[in-house]
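For clarity, chains are labelled A, B and C in written order, and residue numbers in each chain start from 1.
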Amino acid sequence: MSHNSENPTFKSYNRDPGLYDEIFDENDNVRETYKTLFDLYSEHSAKDFGRLNDKAKASFFNQGITFQVYGDHEIKEKIFPFDLFPRIIDAEEWEVIEKGVLQRSIALNAFLWDLYHDKNIIKEGIVPLDLISSSVNYLDQMNGFDPPGGIYNHISGTDLIKHSDGRYYVLEDNIRCPSGVSYVVCNRTALKRALFGVFNHYQAYTVTNYAENLLEMLQSVKPKGVDIPNCVVITPGIYNSAYYEHSYLAKAMGVELVEGRDLFVENDFVYMKTINGPVKVDVIYRRIDDQFIDPLEFKPDSSLGVPGLMASYKKGNVCLVNAPGTGVADDKAIYTYMPQIIKYYLEEEPILNNVPTYHCSRPDELKYVLENVANLVIKPVDEAGGYGISIGNRLSPEEIEEVKKTIQESPRKYIAQPIMSLSVHPTYIEDSECFEPRHVDLRTFTLLGSDKNFVLKGGLTRVALKKGNLIVNSSQGGGSKDTWVLKKNQ
Amino acid sequence: MLARVANNLFWMGRYIERSEHIARYLNVNYFASLDAPNELSQSRQFVLQSMLFMADDFIRTEDSLEEEEVLYDIALNSEKTYSIINYVKLARENANSARDLISTELYESINKFYHFVLNYPVDNFKKRGLYDFTVQVAENVSILRGKIRGTLLHDEVYAIIMLGVNIERATQIIRIINAKFKDAVIAQGSYGDTLKNSYEWTTLLKCAESYDMMRRFYRQTPTSLTTLEFLILNTDCPRSVINSLNQVCKHIMVLSQDKHPKKNSSAFLIGKVRAKYQFKIIEEIESDLETFIQNILDDLNSIGLKLQNEYFHY
Amino acid sequence: MNLEYNITYAAKNTYENEASGALWQFLIIPETNETQELISDDFSNSLQIPVEHSINGYNFKTYRIRPGQSFEIIEFTANFKVVKKIKNIFEQVSQLYSKEEYNQLRSIDFRAENDVFLRFTDLTSLPGKVDFKFDENISLFDNLQNLNAWIKKEFTFKTNVTDIDTDLSHILEIKQGVCQDFTHLFIAIAKKYGIPSRYVSGYLHQGNGYFGDSQMHAWVECCLPESGWIGFDPTNNLIAAENHIKVAHGKDYNDCPPIKGIVFSSGKNETEYNVKVLAQQQQ
């Protein structure tokens, strides 16, 4: 199928009828939401897009909005490729997403509280005990502790996809240190600069209010007795792949960006070393993993954290965001219990769908998985960043045998899901100098405060730039798109 | 402000400033030597020795130097600690650590500067790029100075960067004087050059980008006395040591709230050092330049250490 | 009747190269619980560094010291006064066999409640089978008594053959070790049978010739559905009672080493410490 007649930059846009296309319907007509945008883009030539694309790339590079890729020998600085065709989500569709991701975040928070207190969901047999007791991310130190404001997962990143049935499915919940929100803002800025003309025709929500909401949330979980809390962002340092984001968030909130060595603990209070001497710190948005935050309590050789931090936290003198120990609930095996978890704590039906999942830890499901590797995606339970994923229909018979062997060695480590066909979206491809369909997902950002919740109206639409590729992570060569959430009554 | 980040800002300022002085030294000396009035000043070995002496901690070797190698080492060899590329890398690394405190505009310019130096074609540089490269380094640093002044809040952040810039500027001017003084000593006697009227004084002024202004001020050919007076004691010369010290004095007052600084504070030491040089006379300096150079380098160094201990300790 | 104890803990750290700073955390303070009460505590060091009072991750009290100056040697001394109640443990436990006890042990409620102390850690994992067998026809308590006796019988107390990282396979092979090793072994076997077990660090009054080597002692606490936490000392084949003064517990040794530190120094360092426990009967 070709759209050549309408738009030369779509000359090689071949719609795959087996996939959900975000802008063309099954009759190859442009969907209502995208009509204006499509017409506006038709006024530009392929050359224009090439030039805009180069400019956008240069702008990201010069601003140092980059991440590091760790190769065998060297660290490379790369930009997170930005695509010129924005993702549009209309008001109705968004309403469901927003309610759905908030529901999940709230349910996960209740789940965490329960796991670190009475464990009722386990006692009632809804979530198996094995899942918790075999999780390396469960922190004994958090047992029986009440985090300030009762919040564990202050910040959640929920990954969604649209399947060929046109419905959204949640792929995973990230509640340790979800990243990517800085790119949401950068993408918006870049698109506005490149194609400001198109913005006047749509009423999209702003995304720059994330930082102010984040700050408000951090302030809301201040320790008792503190009037105006001193909030900081703690980063592993300039060589961390998400350092740009850490510095962006600190700057946008107007708070200090600290490293472990900038902080110390005295009499269970946390201080930062400033040019005018020690200044007390009340709330820490930490972008360091649990195991590294306090060498006295966790990995003793970690120099990223602050010795004594955990004791200050447990004494209620400082708040850590997200709380330590949240990792136990964003485990991919826990994910599969999300519908039950939501029902148990909220007495509501889940608003967003879960992808059906097979646990290799269960003998009959393991059997099914081993027999059907070719039709499944096999995922390690505890890896992030798209590492270790095998997609069944891309594997050779030898590779399938290899995967089967790996699973059998440690079944608890793997889950399997049907191969979800991520929806496709027109994406500018440098080699062919025109738009082609590529797979996309969506990461949303949710904040839980002690008195207010917030879902960023927008998100990070990640796109797999390689043809047919389903893995959209930046470390695997993915790019991203500006994402517009439309206001009502358009 | 975090002590560590203050340290980063201070060194960012120093490395930016340093890279420019070295670039200019390469440029001016190399091109001045091509048509220098005496044979020694024209000699490749003479000028290469001078460059290495200035860039790499005052060491002169007896070995015969390879032009391409020396130029490459000082400009683009990242394995040499004294290379421009290394200083630019360090400037950017320090800027990275203070990224949340400086303006996007300043960061972007530093980042562009870094990529320019990093991607400068080495072969091209060795064969014909010296002029282009050094001029562009100087231009980039000018842009950075503008961004520092024009896009940052003139608060503590600015004061700390400017402390770094000015301490480094005074240090580099002294280093350049030291290097050119050595050159002049070596060159004296050849073709009637005396130390007082050496051609090297003109080069020295050009190295400090102060030749035109000096001519305007004295209306005569530079001699050792007038050159040194201009570069050390002239309060209106933007590159002079005393001007830098005055700037340092001004900026430390932003950090130090005390009206009467304590005896062991940086503010006190800076005031004391400034006072020491404020009323120096040039004949006295010229009579024993070597001791003067050693003393002032020590003074600048102890200011740096004092700042380190008082403000940047983490 | 009560016993009053005076406990002295002394340690000396020596550094080959001068250390430029450090942070130490001491987990040596006797806790106050049902059977013991901490009357007074005092902690000092040779560098006169102020002492901070904090807690560890499991809420046990700690001392913290952060010298800012350089040093090569530092000495620490602690004195504690503790009153210990003399109590007949056998009144607390159910020695009679009941099927119900086993049912409770296996119930999801009990397991979920005590999940942390049912997990195997590196130090409390059995490499293979051991010769000790549980007998489901006698009470849990009796089984644990048997386990206590079995370890005492099969293993020999010997210092310097193991260290804090020695895993159980080695101990099972050489049949020797110290209190930590026997404690880990006990925990591993008890957990294997589903009995929540934890590592206890504390002081032992050695007036009666028990093994403890004038250092900190280690024993086990097991949670029984009807009796709660009961202490077993496999090193001496004893029920932990009035001679055992508890400091802290955790999953294994790694959760309760008496001293943890971060020292900015290169080269070797040495720690020596010793413990004295003196008892006095209270009227």
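The working rule: contacts are C-beta pairs under 8 Å (C-beta built on N, C-alpha and C of every residue); 3 or more make two chains touch, one makes a residue touch a chain.
The structure presented is a predicted model; accordingly, all values stated were derived computationally and were not measured.
Trainee: Report the topology of the inter-chain touch graph, choosing from line, ring, star, complete and other.
Mentor: It is a line, because the chains touch in a row without closing up.
Trainee: Nearest chain to the global Cα centroid?
Mentor: Given all protein C-alpha atoms shown, the central chain works out to be A.
Trainee: In whole angstrom, what separates the CA-based centres of chain A and chain C?
Mentor: Between these chains, centre-to-centre, one finds 43 Å.
Trainee: Where the CA atoms of chain B average out and where those of chain C average out, how many Å apart are those spots?
Mentor: Using C-alpha averages as centres, the distance is 63 Å.
Trainee: Take the average of all CA coordinates in chain A, do the same for chain B, and state the distance between these two points in whole angstrom.
Mentor: 47
Trainee: Quick check on the complex: what are the chain C residues that touch chain A?
Mentor: Contacts found on chain C: 23, 25, 52-59, 62, 64, 66, 108-109, 111-113, 115-116, 118-119, 251, 255, 260, 262.
Trainee: Residues of chain A touching chain C in their complex?
Mentor: Residues 119, 122-123, 125, 129, 132-133, 140-141, 143, 264, 266-268, 295-297, 300, 307-308, 310-311, 314-315.
Trainee: Write out the stretch or stretches of chain A touching chain B in their complex.
Mentor: 61-64, 237-238, 243, 247-248, 250-251, 256-259, 261-262, 272-275
Trainee: Could you list, by residue number, the parts of chain B that touch chain A in their complex?
Mentor: 1-6, 93, 96-97, 99-101, 104, 107-108, 111-112, 115, 156, 160, 255, 311-314
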